[in-house]
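Please go over the structures that come below.
Heads up, the next two complexes both have chain A, just with different partners, chain B and then chain C.
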Partner chain A sequence: MWKLSYYILGDLIKNRIILGYLLFLSVVGWGVFFLESQPEKALLVLMQVALMAVPLIVMVFATIYYYNSREFILLILTQPIARSAVIKSFFAGLSCAFILSFLIGIGLPLVLFYPSMESFYLIISGLMLSLVFIAIALYVSIKVQDKARGMGVVLLLWVFFAFLYDGFLIFFMYQFSDYPIEEGVLVLTLFNPIDIARITIIMKTEASAMMGLSGAVFREFFGSSKGVLVSLTILVIWWVLPFVLAGKIFSKKDM
Partner chain B sequence: MIVVSKKIAAALIIVLGCALPCAFAKILPVGPGERFAEITPAVAAAHAFDTLLVKKATYREHTIIINKPLWVMGEGMPVIDARNKEADIFIIMSDSVFIEGFVLSNVGVSYLNEYAAVKVRKGRNGVVRNNTIKDCYFGIYLEYARDYIISNNDIVAHTKDESSAGNAIHVWKANNIEIAYNSATGHRDGIYFEFVDDSKIHHNVSFNNLRYGLHFMFSNRDGYFFNEFTDNGAGVAVMFSKQIRMEENLFANNWGTASYGLLLKEISDGEIHKNRFIQNTIGILAEGANRLSIQRNQFTQNGTALDMKGNCLDNKVTHNNFLANTFEVVTNSKYNNNEYNSNYWSLYSGYDLDRDGFGDLPYRPVNLFAKITNEIPSASIMLHSFFVNILELSERIFPEIIPEELVDKKPRMRPYIL
Partner chain C sequence: MISLQNISKRYGKHEALQSVSLEFTRGQSIAMIGPNGSGKTTLIKSILGLVVPSEGAILVNNIDITAGCDYRKTIGYMPQINRFPEHMKVSHLFAMMKKMRPDVSDGDYDEELYRAFEIEKMEKKKLGALSGGMSQQVSAALAFLFNPSMIILDEPTAALDPVSNELLKGKINKCVDENKLVLITSHILNDLDEITTHVVYLMEGKVRFFKAMEVLRAQTSESRLNKIIVRLINEEFANVEA
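On to the complex of A and B.
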């Protein structure tokens, strides 16, 4: 399995899109600190990148990569290698490539120019989101045979997690604003990995705002070390679950 | 400092001048092995304008009534321990009394009377300085005082419960008081003013108090300079006063649902200049504040930098720095009756083609999301969500809900160096 992941990683590193991704993250990550004299503002920009751009690029690329490597997978499967090992090495290779790019492009400038708890949480969240969306992309592309449909589903999922879900949440809050809905909202946010990551970060960066009114409820949960642990655990579930499901389908699938 | 020494000099001249007719003022030593073992009998034996020199020891006394002009001075910080009795330690009922150089401790909590380490009941030209006050119900308590100096006192308590806590420095009905270089912590309010006019509070540090770092009401023409108010339960509250000047103070880390860097309520004609508001839930909350000039302040990383309620009129918010605040200005009105001009807003993203240092596009500091969270507080969790950002952007381009006239026409491109 390790050998296979190594080959996949080698292939990915030579891939022009991955290089482009690395370049994009580096330009944003390093550039924002050179252009912006206030590190807090720079952090805000990087947060938007980590929460929006990273999931989109990761998911689209992972899907394309899977569909394009179908012949390669067929070839591999003719060899005496367990199917689970193939999917695992696929995931591992993709994860390594994206994690490395993220660490170099965004992690490094954050650590160098703004070493703080906020940066730490941003890096952790960015890495977690990469894993989550690689797993989701793999699940979709294994499940959906047709390339175009798979792409469509992936894009829809991104739109759902990035905008629609938040829109629904706000709508829900408006409708039920007369009730004590803080706990309900808190539970609902856990169903969106981007929200979990975002809230974990803003609990650090905008701590003073979150203390106001019902912010206290959220702060008690997400701000405490227990809450951070819970949200990280849920993010882990968010990537383990689609990955396990993908593996199940993959091992039984008629290629 | 110059002001302090001037006042002390003036007080000295008064003391000396009055002392002349009674021949020579004597020094009465107090302490173990001296003529007076305790302070109370020494006070009784002293003549006006004598000096009590209290030697280093622990005195278990309370209710020391000083009813004549005296200089009560501790040598080597003698301790007066009230042993949690419900009683004052010093009660001053005369003009020209100096209390200096003591450690005053353990005045008991009472729910009937406001017992204090030093209580001044009517008097003028007095000084209370260089004392350490430990675990006392009230620290220094002044009523009907004039021309007083309270300086260099270190007032510490460890109360947990607001109902059984007193104020560190409590001034009620007084005039021309100077409170300088004190430190107040662990009390209900650090400094409490009610009906105190023409006074100065400067270089004090007030932190970790249960309620307000500074709390004052019905006090006019007072000045607050170079003080630090940090980590207090509800920050600083300034109410029902006129012509207040607050300059170069620091308001920091006041966190909580009802916590403000500075709460302004029914304040008019004041000046709030060159202060720093750092990491407060709300930097300034202004309610019924009129004709204030809020200039050259620094607002950094507050939840809301400035919450200007609709009943505030003719305030001038100019030349301030707003850096990395979650919300810059919040208001509950659709109209704007205040002037915002030439501020630096870190959320401003305009350009400056004519290179005059000010952005070419006007800036609306109130954002839509602040309004949303005002209506449904739990929405605060959606902060920086992409969906919210898009809503905000469109609202900024076509203002529909946010007050359209609340606009800074000359937003500065770079922060001021303050």
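On to the complex of A and C.
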């Protein structure tokens, strides 16, 4: 299995889009600290990149990569290699490529220019989100046979998690603002990996002081070490679950 | 060596295979023929584990293929359409495949076709840039590379030039002499004449017959495979009408 992952990683490192991704993250990650004199502000910019751009690029790329590798998968599967090993290798290869890019482009400047708890949580969240969205992309591309439809589903999922879900949440909060719904909202945010990541980071920054009453509940939960543990656990579930489901479909799929 | 037991495969409502039972043994060279959409490729893909049958069991060397992937060590496969990763170089492909097969050591590769097709001359080329015939040559060389005891070829001769075609046929005959099992599908019946010992005729997902060539020759008093098939099909139509 490791030979296959190693091979896939080798293929990915030479891929132009991965190199472009690394370049993009590096330009933003290193550049923002030269342009911004306050590291706190730079952190917020990088947070937006990690929460918005990273999921989109990761998910679109992983989907295209899977669809383009279908011939290769067919070739490999005629050899004595188990299907589970093939899908694990794909996940491992893609994960390594994106984790490395993120660590070099965003992680390194954060550690060098703003070594703090906030930076630490931002890096962890960014890496977790990469894994989550690779797993979701693999699930979708294995489940959906048609490339164009698979791409559409992936883009819709991104729009949903990045914008629509928050819209619904705000609408819900506004409608029921007379009731004590803070805990309900807190539970609802756990259903969106981007929200979990965002709140985990924000709770560690100065910006969390600006949040109102409902913010207090969040702060009490996510600010505590127990809250962080819970949110990280849920992010792990968010990548393990789609990956396990993808593996299940893959093991029974007609090639 | 290969035993198919009541294999059925449904794609939605379409039945690609309907309770197919067949037994193939060593030293046989089996031609699998039938019209388009008769289930030939589905059957081959089922043996390779690429398609999961809806019902039935497949045993390779008496081991159920759902038990694990190791049985594929004994099978060499040449697919119908060679869709290789486009950006990979030919040399890279062979190096990678060898790495994927640590069970076959350096001296045990069967590089006869690799040399016969002069694949080292195209080593620098990208797989996406190969012509149809060249990628079939690569594919054939790969199928025989790990010295399999069973070789499955799906439409092997469609795009090959006459010289390569003869080389491949020679190699197939050699394998049969070495007591290996060869399974071929093809529409080009003339190509099959010299290399087959048995014929399976599939139609609409069912096995119409599975007979040795001598039996078929005696039955129809024809010598060429294409004549035999036409004869049998005509007889069948006559039976249906009567």
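Basically, the second predicted complex is superposed on the first by the 249 of 255 C-alpha atoms of A that agree within 3 Å, B and C clash if a C-alpha of one lies under 4 Å from a C-alpha of the other, contacts with A are read in each partner's own complex, and residues count from 1 in each chain.
Basically, a residue touches a chain if its C-beta (ideal position, glycine included) is under 8 Å from a C-beta of that chain, and two chains touch if they have at least 3 such contacts.
Bear in mind that the values here come from a model prediction, so they are computed numbers and not experimental data.
Visitor: Could you look at A:Val154 and tell me whether it touches chain B, chain C, both or neither (first, second, both, neither)?
Guide: neither
Visitor: Mind working out whether A:Ile202 is in touch with chain B, chain C, both or neither, as first, second, both or neither?
Guide: Touch status of A:Ile202: first partner only.
Visitor: Return first, second, both or neither, reflecting whether A:Ile181 touches chain B, chain C, both chains, or no partner chain.
Guide: Once the two structures are laid over each other on A, A:Ile181 reaches chain B alone.
Visitor: Tell me which partner A:Leu51 touches in the superposition: chain B (first), chain C (second), both or neither.
Guide: first
Visitor: After the superposition on A, what does A:Leu75 contact: first (chain B), second (chain C), both or neither?
Guide: second
Visitor: When both complexes are superposed, which of chain B and chain C contacts more residues belonging to chain A?
Guide: Counted on chain A, the partner with more touching residues turns out to be B.
Visitor: Under the stated touch criterion, which partner chain does A:Leu110 make contact with: chain B (first), chain C (second), both, or neither?
Guide: In the superposition, A:Leu110 touches no partner, neither chain B nor chain C.
Visitor: Return first, second, both or neither, reflecting whether A:Glu40 touches chain B, chain C, both chains, or no partner chain.
Guide: It touches chain B, and chain C stays clear.
Visitor: Spell out the part of chain C that touches chain A in their complex, as residue ranges.
Guide: Touch residues, chain C against chain A: 11, 45, 48-52, 68-73, 75, 77, 79, 83-85, 96-97, 99-101, 103.
Visitor: Flag every residue of chain A that touches chain B in the complex, lowest number first.
Guide: Residues 38, 40-41, 44, 47-48, 51-52, 162-164, 166-167, 169-170, 173-174, 177, 181-182, 185-186, 189, 195, 198-199, 202, 206-218 of chain A touch chain B in their complex.
Visitor: Which positions of chain B touch chain A when the two form their complex?
Guide: 255-257, 259, 279-282, 301-304, 323-324, 326-327, 346, 372-373, 375-390
Visitor: Using the touch rule from the top, collect the residues of chain A that touch chain C in their complex.
Guide: 3-4, 7, 69-72, 74-83, 252-255
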